[in-house]
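I have a structure I would like to understand better, so I am pasting it below and will then ask my questions one at a time.
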Amino acid sequence: MCRWLAYSGSPISIYDLIYRPEHSLIDQSKHSTMGAETTNGDGFGIGWYGVGVEPGVFHSVEPAWNDRNLHDIAQHILSPLVFAHIRASTGTAIQQTNCHPFRHGQWLWMHNGAIREFPTVKRDLILAVDPSLYPSIEGSTDTEVFFHLALSLGLEDDPPNAVAEAIGLIEEVGRRHGVEYPMQGTVAVSNGEKLWAFRYSSEGDSRTLFYSTDVPKMRELYPDLEILSVVNDEARLVVSEPLRDLAGAWNVVPESSYLVVQPGPDESHPFTPKVPSSPTSMPAGV
Amino acid sequence: MCRWLAYSGSPISIYDLIYRPEHSLIDQSKHSTMGAETTNGDGFGIGWYGVGVEPGVFHSVEPAWNDRNLHDIAQHILSPLVFAHIRASTGTAIQQTNCHPFRHGQWLWMHNGAIREFPTVKRDLILAVDPSLYPSIEGSTDTEVFFHLALSLGLEDDPPNAVAEAIGLIEEVGRRHGVEYPMQGTVAVSNGEKLWAFRYSSEGDSRTLFYSTDVPKMRELYPDLEILSVVNDEARLVVSEPLRDLAGAWNVVPESSYLVVQPGPDESHPFTPKVPSSPTSMPAGV
Amino acid sequence: MCRWLAYSGSPISIYDLIYRPEHSLIDQSKHSTMGAETTNGDGFGIGWYGVGVEPGVFHSVEPAWNDRNLHDIAQHILSPLVFAHIRASTGTAIQQTNCHPFRHGQWLWMHNGAIREFPTVKRDLILAVDPSLYPSIEGSTDTEVFFHLALSLGLEDDPPNAVAEAIGLIEEVGRRHGVEYPMQGTVAVSNGEKLWAFRYSSEGDSRTLFYSTDVPKMRELYPDLEILSVVNDEARLVVSEPLRDLAGAWNVVPESSYLVVQPGPDESHPFTPKVPSSPTSMPAGV
Amino acid sequence: MCRWLAYSGSPISIYDLIYRPEHSLIDQSKHSTMGAETTNGDGFGIGWYGVGVEPGVFHSVEPAWNDRNLHDIAQHILSPLVFAHIRASTGTAIQQTNCHPFRHGQWLWMHNGAIREFPTVKRDLILAVDPSLYPSIEGSTDTEVFFHLALSLGLEDDPPNAVAEAIGLIEEVGRRHGVEYPMQGTVAVSNGEKLWAFRYSSEGDSRTLFYSTDVPKMRELYPDLEILSVVNDEARLVVSEPLRDLAGAWNVVPESSYLVVQPGPDESHPFTPKVPSSPTSMPAGV
């Protein structure tokens, strides 16, 4: 349904992240091996923290494998925190406002998966978005609504809790509408300082997600791997699908868990959705 | 803010309607003389009734003056009822789902103007859209919400009443949010058999709208005008801006009125918004 | 490298040709089984003969599976002679001027395959294009140059001879530059009355090409196949890849041969390239 | 026909160059006052020297005023040497390969104006392009051919001489074909270290071109102008149209002259086309 990559570490060229690896994200746009679809050609996006006041985003409706602007821009931007996403639409329109990552102030958000039967549940979910945030929804995807639910539920203060409540709400609304497994997917979110990556689905059978092995250990395993000489010890990749076929390089993010990539040791925690305590913005009877 | 053209009559090439006239809609895309903006270059769309089950639409984010596909398609489609629209965005994204005309089943809808302070009033208006219609809103424009309000309020049964109620609702919601003049613009709507064209603004100073003089009278005035030899007596154009500088050819649609173009004599009526009697889909307190 | 379809017969909706079949051309854009690439997502085009003075063309750089305009236009155009093409670029830019079918006056042309090492031989081939035709080359593909060579060599008078000479020239120029197998592919060309389809490669191992079995015989085999009730006895499809898995429905166009689809019995002939007798437009020494 | 801006100086955000000024290039895309057209909406491009091996370019077929990617990227790229260009096509297709600036290795090139009657003279000009450079022509504009002529005539060794010879050749070929005034326009070219800006037309009535007054003098005149606090003393802008209405800020580049913007004092010289001494790549008889 999509493929994504998130990087945190010393500043690196986006080109080195998304074009150079053997089974790069650009390669996955045409030849994904673990995705629900082989082809992820319904637009793409990158987001990065850099010299601008807000993180930058670049969205395109072209397949990533074709986009010459991406090829150039990727070579000219160095960043310590990068999101990249290739899209396989589950039905919503191919337009820039539907491309990930989505941005709100300092926050970036991207998603692989789906809110199931979204047309059925969309209105109820929209009603739960804080009215002050509502006007900033520009596209028609489930992911953008999901992001705005998390923002409404305190993403900027406590991301794991806000994501747990957003998914709890999505599951509650979905089940009320007879959806057996309302939520599926992996999510990455960042404020430019930390990176959170979630893997969860209502059916307990989530889209794949991997994180890279510690750089110091990788250097022991692969002393000649060029990329390891340009990144610092803290560098970490989180990806839908491994970029290189290297034994010991990739670790599965466990089912129903989330990672925190941050200065100092990174963390992994179990993840459980919870129903929002005070969905005050929801009209009575919804 | 936009320019549009609607045609009803014997089947005619779309090219003859939008390219061939001296100050054609395509010319207006770069050199509008009566619009709020000289340039209407933020995408365009055409809609027509023809051989398909539903009316066809063709939308593009390119300026109309550039689009080669439009140039070809216009020459290859003959239709008895055509809508054409060139867009000057008032801020919402340039994407196909924001291009007019909008379609719902047999209905086409297009608009020149704005729901003022739309980000402020959008959520309340969305709540008034029938929940079963809500999922079919794909873009982010005021016009598409306006269309869905009219559909929710009975457009398919009584277009003048539904438009009056939709505008009544928009004015009520707008004023509750402190908007002095909530509504501005001209609207064309059709079911393939009749064409309704509205001119109204809360401030009583609406965007321009013109309709063409009867074909028989035009033939007396301009016996050599080529287009008059290919259309029937019933043919009628309604336009934001006259297409040719011909004395006696264009008549102002009066302020706060609407036209009905139909088989047999066309009609003109005064137009007054009214507050919907039973906005049943609106949640309490809205 | 591409997939194409050509239809000649009683007027039919383009939608019925390219969307409705089980393994339709639209399906092939994402899931080709016989092509050099599974994905043919680098733009597409359709061409058709209809009410316009020239045949119409509609080109897009989007993948065909995404294009909503194609979906609508296909339903609204009936035509007795249709070309449709989905592209997998061999390196040249994704732009409308590189999309097939190409048009010159009444002629349409499309191609699956390649002039090998095109950057190396392009200049010499361009020099052989008639100077009066040269300015109408707008894109950067090998196919458009191939078309203009055929036009320069008399396509409008004798298509099989012009294509044979164009390929003869391409092979001569290629071999002079050390290209082992200069030509590969299948070509469809039409003037709106007849349709010629060529299958040839320098190595004698050409891209696949099939033609449909006679409609009367198909009706015996598949009396319930709906499409057979809307086409006449003369209807014929020529395709890169079969559209339905029906025994007896598809016949291989033999290696090094061409078909002529025309009023009355269609024909099949062997095909041999020949060096142009008088390449008068070629500068000395080339 | 187009508008452009070139900047050389201390690294600056592209946003500060093309969005922030009062009558910015983005504003000129819709409201040019000195151009041949008010609207320059047929695509745009930026080029810059930065961290990549080659200068970066970003091209788009959208009007510059609409492009959200440009808005973001401009804020995230700092560069000491920037080209920006908004296009008003003189007939050639709207596609990225026709957007300025054009790039060859370390060189960027952009142009406002035209080679007159280009379809007539194009073939002869193309024949004069070095065969090894010919395959890198991807689009269909006069400007790209002009650039490749200059490259063929030694641009990388002596830019003023190569441009003089390229224009000399264009004038000779044009006059042979009966074109009264073959050349019109202004050109900017850079290798990342120096910037050359030419103003010339066969009729001696060239498109406007201006350069900014010395920064130290500007600081005396406008001590509060914010931009002057972020650029160094050497900073220089060359523009088709002044960006701010500030007395003393803009100086006309004289008719038939060129500027050299470089480390140390900049220079201005008269410019005269000259016929290439040894157009060895031209076939006999051309």
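When the chains are written out, they are named A, B, C and D in that same order, and each has its own residue count from 1.
Quick note on the criterion: a contact is a pair of C-beta atoms (placed from the backbone, for glycine too) under 8 Å apart; a residue touches a chain by one contact, two chains touch by 3 or more.
Since we're looking at a predicted model, the values are computed, not measured.
Shared contact partners of chain B and chain C are A, D. If each chain is reduced to the centroid of its CA atoms, chain B and chain D end up 42 Å from each other. Counting partners per residue, chain B has 68, 93, 96 as the residues that reach two or more other chains. Taken as a contact graph, the chains are fully connected, with every chain touching every other chain. In the complex of the two chains, the chain B residues touching chain D come out as 30, 38-39, 41-42, 61-63, 66, 68, 89, 93-94. The touching residues of chain C, when paired with chain D in their complex, are 92-93, 95-97, 119-120, 122-123, 126-127, 131, 134-135, 137-140, 283-286. Interface of chain D with chain A (complex): residues 13, 15, 48, 50-54, 56-60, 68-69, 72-73, 75-78, 96.
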